[in-house]
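Presented sequentially are two complexes of chain A, the first with chain B as partner and the second with chain C.
Take a look at the complex of A and B:
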């Protein structure tokens, strides 16, 4: 009986084990190996170039741009999506009726393909669109939305916030629901109202949910690809050149597989370090609320 | 009396804000549908088009005079084939592995659990280039399998099912064993029916994510007849630049299956999502 269980466990787990060997372990070593070569995806020959790819990457404008663009997105997107989803979850939580109708409605953007959303955004912002005609006629504003180094990243941040706000607000709403009404009643007796109630009670008690959402949002920034790929191609002037765009361009447009792998490794290290720093910062914030 | 009037006003304000947010969240979908049906001289020009036409959809299938038609229907079928097979495999593997990790006592289970956690937090971008090379070497470039096999296991789904199964009492499984049921039968006849709502959530998330995958499908398939709908739409941004109407029509066709699935399963989804979010 015992022996049978042992075999059965390995048997049931085998799809995962086989998959992991082929699609995790081998590629992991493959990436390390490739990053020290100058292979171009096609030719049968390649050389070991040592750390040359890494040195070249650190100096290249594309990689530098990816590094800073990611933090720029983080500074715009993370507060935007946090505040947005917090507002939505506060709304949902205080609605006496039709709660689930609204939360389903707010969740719908999460189902959209980034490509389809990009079609819509490109249309709304096109030269002759209702919005731009109105801006030109009424305010004499002629805005080249996606051609602006400031607006293009902002638009992409708004698109991604739109997509994830409803999803994140579900996490926050379940956090809000776990706060008992008694706490508020006690606070009301002490005379706490409005903003004081929010900052002294709701936010501290919501901390675990906020922690989750912030980590998810920060991690998401490192994976931005679809929207800049179809809308801006990383431009104008590298202003939306994310890590994934840079890796894609180097490895698959310019066929520098070795160089692209080196960038991917740098990206992973940067991602890892950033997430750790953000976690530490969040934990400090949590400690101020008395969470361990 | 004054208090109740005040409260009423507050409620009206609250619902107004709720509805404004709802409109913002749904508007892009509405814009997409309206413009796919708008006469071509009104696409992107009018907030609400004055007429309705199916021209964009017909054009999508037959092409224009100067533009060769793309195999959009084929692309839709490809998306279905790839997404359904991939999602199915991810569900089955997740069920088996999660059952092993939560209900079968064996020596390796802790180690496997730890490896899964490690892999989940590992930046997968590092694997992209070598995985592509591997898939090409295996002869899967430009095939359905190239899109399906590398996306046949979902760590997230394994993780979710494992946590959920742990909450199912072991006595139930022991009782079934005494009745002579084998593990496969227990998994599919007892455990799975008890996990309906979480299965719905995992299925919807996996299906949705697979349906809108861009980067991988774009890399591994070049043949026009094998492209998924999402990839084909992404590739049309330049060539169809002068034909926004059909772009909207294609966007609607791309978006609708997910919306419909979600609405069909929304009741189970609401129950299951609470577990996933914890």
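Take a look at the complex of A and C:
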């Protein structure tokens, strides 16, 4: 490559590099620095507290809850969103026409505000909503949807799945479209039926798209905030207390910037390790299909 | 390609340089204007709600007419993501305003701890404000642990309870019950006649968010303890007997299934529950949304209940109250100008009257109930009468810098588990006390 072209490359990459430096690298080091102090950002005096914030965080019930709640969400949300988006993409792919129209239709929830949808869901599940009045009058069922430690995380997982299914189905649809029709024709000649075609052809050939969607879904779980914040505030009894809610409460509500930063650092390490493990597992799954 | 890229780069550099020049030119102009006319400009952050902004903008405009040398720029307080975090970010970035309102006593304690506030009682004009505004008694409760005054309270809402008197009458009551056992008895009668109704519909009772304790625990505790302090300096000094009684009352209500913790839409207004905490800001909403709710016909207002055997006169309650502060980060010249502005605003009771009319929040004054101006207004707004009368009995929030942790623990260790039926009142109080003492160490 010529020197001039190299310079041009740097020039075009510079907006992204500057952006990353200002909004990612500098804050990351800032957070790292803060996590070793007891500073609240405004006090003229602060102390270096070493690993005290990290030790306090590891012992804290809120952080412990955030750790387990995230994996609980992962167990519920990831299969739900993967199956949902796969079904949507299979439906869209099988349509003879208006594929784009339906894709956009399923994509629309992704654009909806998390706050607005949470407020609507709160109304639907309130004690005196039409649904609950009907359940009480017809079936004598009085369900405290958001007050139950089992139902509250499930409802939040359903809401987030509804929001992201359309988006992920776009990725899967493009994967499905790249599978040649000839493969299915050949399998049909060999006597393969619907389910065999799905498990032996569609799923293995869809692996690259599934890989992307799974990693995105796992990463997303660590960023859940709006829905539990509006619907349950992290309760009942920490059952929906995510990493982001814990960081928000410590850093912005209690103004413990140092301690909040320590939790954020722990969260980023846990996220990184989890994604690496999930990636390795997906690669093993891919190898079984012959993907390297 | 190379030429195009170079041109874009040069254009961008030129644009940013010109933009930079533009800013500095403006700053120079502003600075020279300040020097020439000796105008001191102060920034005032008002609470992020339209009524309070209207009031302060009106005050700034009127002040500009009588004192052109001080310009007050009123803007809404940033809420990114909370007003407290907005102030924290501004202080951290060195961009704090000169004055802001909407400061609670707890948050002020945090700011005092960080040396971010000016002790107002050390400034010229403070005593004039206390005298002309008639706030001598009210301000006593605002003194901080170091003996200084950092906040000038603007309003004081003595939090009350509302009762659905129309439903109570159907149960044979002509006035609301005043003691714990009377309330439990009423609740049992209510459940007997209307199994689907609840005494108190309040999902906050199982939520540990710190500020929610202001509107359940502290209302009841302040009444039960006759205003015994909860925290003094860095010591837990709460009245154990009153605290356990408060939690036992919640426990008894929960055991008798009188509390609905499930989220419900306007449960009091729709008659699902007969009892609720209420602030004066509710009445404007009711006027539009529930015009059928009328004082002394469908609802009545009352002070918090007390444990059996306690006097039901002069019952104490929690004061939802906020005030103004001056930030230490601003220059002494600006701090002085800010004090001048505050002095002018509170030199005339008419301005407190305007505040009352615009916001519906009772001004924090000793004479709200006796001053003719306020009395006439209260005659036309009887729903605000008891709020005004109860100001002397209203106790401001705790002033410890760790208020957030303390109030979160009251929820997590006491109120939430008691209402959920997980622990009894005595154990919950002991657990909470131990946890709070740990935080205060």
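Note that the second predicted complex is superposed on the first by the 267 of 292 C-alpha atoms of A that agree within 3 Å, B and C clash if a C-alpha of one lies under 4 Å from a C-alpha of the other, contacts with A are read in each partner's own complex, and residues count from 1 in each chain.
Everything below uses one rule, namely that a residue touches a chain if its C-beta (ideal position, glycine included) is under 8 Å from a C-beta of that chain, and two chains touch if they have at least 3 such contacts.
From a predicted model like this one, the values you see are computed outputs, not experimental measurements.
Clashing of chain B with chain C is the outcome of superposition onto chain A.
Applying the stated contact rule after C-alpha superposition, one finds that A:248 touches each of chain B and chain C. Judged by the touch definition given at the top, the superposed model places A:146 against chain C, while chain B stays out of reach. With both complexes placed on chain A, chain A has more residues touched by B than by the other of chain B and chain C.
Once the two complexes are overlaid on the shared chain, A:19 sits against chain B while remaining clear of chain C. In the superposed model, A:129 lies in contact with both chain B and chain C. In the superposed pair of complexes, A:40 makes contact with chain C only, with no contact to chain B.
Within the superposed three-chain model, A:199 lies out of touch with both chain B and chain C [touch as defined at top]. When the shared chain is aligned, chain B and chain C each come close enough to touch A:8. For the contact definition in use here, the residues of chain A common to its chain B contact set and its chain C contact set are 8, 11-12, 41, 122-123, 126, 128-129, 248, 251-252, 257.
On the chain A side of its complex with chain B, the touching residues are 5-6, 8-13, 15-17, 19-20, 22-24, 26-28, 30-31, 34, 41, 87-88, 91-92, 94-96, 100, 102, 104-106, 108-124, 126, 128-130, 133, 162, 165-166, 170-171, 174, 222-223, 225-226, 229-230, 243-244, 247-248, 251-252, 257, 260-261, 264-265, 267-268, 271-272.
Interface residues of chain A, counted against chain C in their complex, comprise 4, 8, 11-12, 40-44, 122-123, 125-129, 136, 144-147, 233, 235-237, 248, 251-255, 257.
Contacts from chain B toward chain A in the complex involve residues 11, 14-15, 17-18, 21-22, 24-26, 28-29, 31-32, 35, 43-47, 92-93, 96-97, 99-101, 104-109, 112, 115-116, 119, 122-123, 125-134, 150, 152-153, 158, 183, 208, 211-212, 214-215, 219, 230, 233-234, 237, 244, 247-248, 250-251, 254-255, 258-259, 262, 266, 270, 273-274, 277-278. Taken together, the chain C residues at the contact with chain A in this complex read 1-2, 5, 9, 81-82, 84-85, 88-89, 91-92, 110-111, 113-116, 196, 201, 203, 206-210, 260-265, 267, 270, 272, 404-405, 408, 416, 420.
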